[in-house]
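Have a look at the structure below, then the notes.
Naming follows writing order (A, B, C and D), and every chain is counted from residue 1.
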Amino acid sequence: MLTVAIVALVKVIVVLVIFLLMIAYLTWWERKLLAHFQVRLGPMRVGPHGLLQPLADGLKLLFKEDITPAGSNRIIFTLAPIITFVPTFMVLAVIPFGKSITLFGKSIDLIISDFNMGILYIFAVVSLGVYGIVLAGWSSNNKYSLLGGLRSSAQMISYEVSLGLSVIGILMLSGSLSLVNIVNQQDSILNWYIFRQPLAFVIFLICALAEINRIPFDLPEADNELVAGYYTEYSSMKFAMFFLGEYGSMINASAIATTLFFGGWQGPWLPPVVWFLIKIGAFLSFFIWLRATLPRFRYDQLMRFGWGILLPLALLNIFITAIIMVW
Amino acid sequence: MLNYINSLLAIPRGLLVTFKHLFKPAVTLRYPEVKEKLPERYRGLHYLARDENGDEKCVCCGLCALACPSGCIYMEPGENQRGERYARVYEINELRCIFCGYCEEACPVGAIFLGKEYEFSNDKREKFIYTKEELLVPLPGEKKV
Amino acid sequence: MEFLIFFIAAIILVFASVLVVVQRNPVHSALFLIAALCAQAILYLLLNATFLAVIQIIVYAGAIMVLFLFVIMLLNLKKDEFGPERRKAQSFFGILFAVLLLMELGLVVKIGLSKLTPADASLSFDFGGVQLVGKSLFTDYLFPFELTSVLLLVAMVGAIVLAKKKL
Amino acid sequence: MVPLSYYLFLSGLIFTIGVLGFLVRRNLLVMFMCIELMLNGVNLFLVSLARKFGSMDGQIFVFLIMTVAAAEAAVGLAIIIAFFRNKKSANVDDLNLMKW
């Protein structure tokens, strides 16, 4: 009992630390890569090639003045960043990041909790993340924030439907809701679900982009129309929490996409954990690449695209999968 | 239908364009360490020239002040020991100056020039009124004011 | 351990439910309702209803309550628009009735429990899991299940008709 | 192992709180939330009995109640919006057109 608890605790701590480090260096990587896409250099001053930039940013944010606007709802205003930030951590609990290893004569699974309904759990936790944004928008007592919050909640609810439906094809093929089983089924590259569910992958990717508010779906925080959307009024550590939450959910989206479609930690030669990190990194770079390329959607286009194109496509995907399975 | 396919293909096309840009060398200049090569006719901070004897060329005729569209040049004439007219006071307000170079063109004796110096920022407004001592080219062996 | 979790979840559930009723600001009420729903999901987990616990969070906390919050923000009620709240007589009778109801429920549960003969049934391995829920949903309860789809369709049409200004 | 009676009393308590709120509050939205509370009390009751008898029927019922709650929320909130649009209020006391 005690050893189980200790092992679990160690796993949680290690995963959290690595996750936070990844978030920190994701901001650096994004700035750097984006700069090179735009034929610039990006951060160069703090440390060699700006490697200590995340540290400097963090310190700067920590020492900024923490402002709570007058007329805002103080409790909810403080609560909102926490609500956006915590679910991103909770998603990590069910993502397998490696084959089980043997340590001190004990076999340890490289997953925090092998919950047999991993995918449903992820959806449950992710759906709670909307509240942070909505409440932040509402409690700031600011028109831009409220508009940003409303927009984002509408966007997230709309795209969550297609996101859920796009995964159902995989669930039908795998016959399991456990992410561990899904990864184990993709043992060779031909068994990766991207090849068996290409349409689902495209829908999943688009919906995931919309869920994590990345360009081209960054309407909630559209800088040039809404100042900064729902976090216009936020400063200092609270702003940092939104920032962490956003980049954390970006990593989560990559991790889930990797697990579902790209065989998770499966791969030859290299250790499984390394493969997992490489695949996540590729996804993150792809997101940044998209940011460097695509313009933002208009709001009505966004809604029409979500309900009019993605949802029918997702349903069609389920339909085709069912037909092929029964055949 | 063809329209749709075309607009869908626009996304990978755009991605390709940005991808090509990824490998271009950055145009950024790392400023304080590396400085931009200024063009030949760059107009920066003024300086007052001296003749071959090391005397000031300026005869305080006032043509530069007349030509100046922003009226930033102020001068008071004086007479030196040899009885020649010279500028006792010569001030240029660099905050008002628009660096048009008309003073340089107006000068009949070739005394005022616009140099290549552009790093003369300061946090006090008074420091931008450059006096004659600051504008004159230092004599060899003399330290610049 | 199980007792501890039960009591924590139960206390959160009861307090949050009371606060839903007591809070003057509807947004606060909605937030406490979300907290209550999450606490109840924990109770479901204790009762081996894993699938229901997850569905509770996805459907209730993730969809229905977001809709509530959305509407509250859309209406954006000012303080004075809440109207006169809690009339004295009404509160008195309301509380009286609630206490009577609670006593009655308690009595019913007590009497009912004494007549309940079977001991705890042994549970199958994945009781409350997706497979068992799915199996009974698509065999024994197929007709109600299909009816819910009709119900949802009707609700959707109804909501659109009601919310639209002009048809 | 928590005794069944605890769960049943708890669900009764939640149901009662829902009823109380429904009777006492005058804000339509909060009344609606109290209905959700009542439904949840019943759900807890059903799930705990399902556990006791080791049969899935109770859980299936909860599942069905949840779909009903979702449908109810959609229609009910639409009604509230329509009401608010006409009366600029969310108070049940203003909902008196068919009173006489």
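Here is the rule we go by: a contact is a pair of C-beta atoms (placed from the backbone, for glycine too) under 8 Å apart; a residue touches a chain by one contact, two chains touch by 3 or more.
Quick caveat: nothing in here was measured; it's all calculated off a predicted structure.
J.: Using CA atom means as chain centres, which chain is nearest the centre of all the protein shown?
T.: Answer for the innermost chain: A.
J.: Tell me which has more C-beta contacts between its two chains, A-B or C-D.
T.: Of A-B and C-D, more C-beta pairs in contact link C-D.
J.: Just the number, please: Cα centre separation of chain B and chain C in whole Å.
T.: Computed value for the inter-centroid distance: 74 Å.
J.: Chain A to chain B: how many Å between their CA centres?
T.: The computed centroid separation for chain A versus chain B comes out at 51 Å.
J.: Let me have the rounded angstrom distance from the C-alpha centre of chain C over to the C-alpha centre of chain D, please.
T.: 6
J.: Mind checking the centre-to-centre distance between chain A and chain C? Centres are C-alpha means, answer in whole Å.
T.: Roughly 29 Å, centre to centre.
J.: Can you tell me, using the touch rule above, whether these chains form a line, ring, star, complete graph or other shape?
T.: line
J.: Of all possible chain pairs, which ones touch?
T.: Pairs flagged as touching, ordered by label: A-B, A-C, C-D.
J.: Which residues, counting only chain B, touch chain A once they are in their complex?
T.: 11, 14-15, 17-19, 21-22, 24-28, 30
J.: In their shared complex, at which residues does chain C touch chain A?
T.: 27-28, 31, 34, 50-51, 54-55, 57-58, 61-63, 66, 69-70, 73-74, 126, 129-130
J.: Hey, which residues of chain C end up touching chain D in the complex?
T.: For this pair, the touching residues of chain C are 2-3, 6, 10, 13-14, 17-18, 20-21, 23, 26, 29-30, 33, 36-37, 40, 43-44, 46-49, 51-52, 55-56, 59-60, 63-64, 67-68, 71-72, 74-75, 77, 81-87, 90-91, 93-95, 97-98, 101-102, 105-106, 109-110, 113, 116, 118, 120-124, 127-128, 132-133, 136-137, 140-141, 144-145, 148, 151-152, 154-156, 158-160, 162-163, 165.
J.: Under the definition above, what is the set of chain A residues touching chain C in their complex?
T.: Listed in rising order, the residues of chain A that touch chain C are 73, 76, 116-117, 120-121, 123-125, 127-128, 130-131, 134-135, 137-138, 146, 149-150, 153-154, 157, 160, 177.
J.: Flag every residue of chain A that touches chain B in the complex, lowest number first.
T.: Interface residues on chain A, with respect to chain B: 33, 35-41, 44, 289-290, 292-294.
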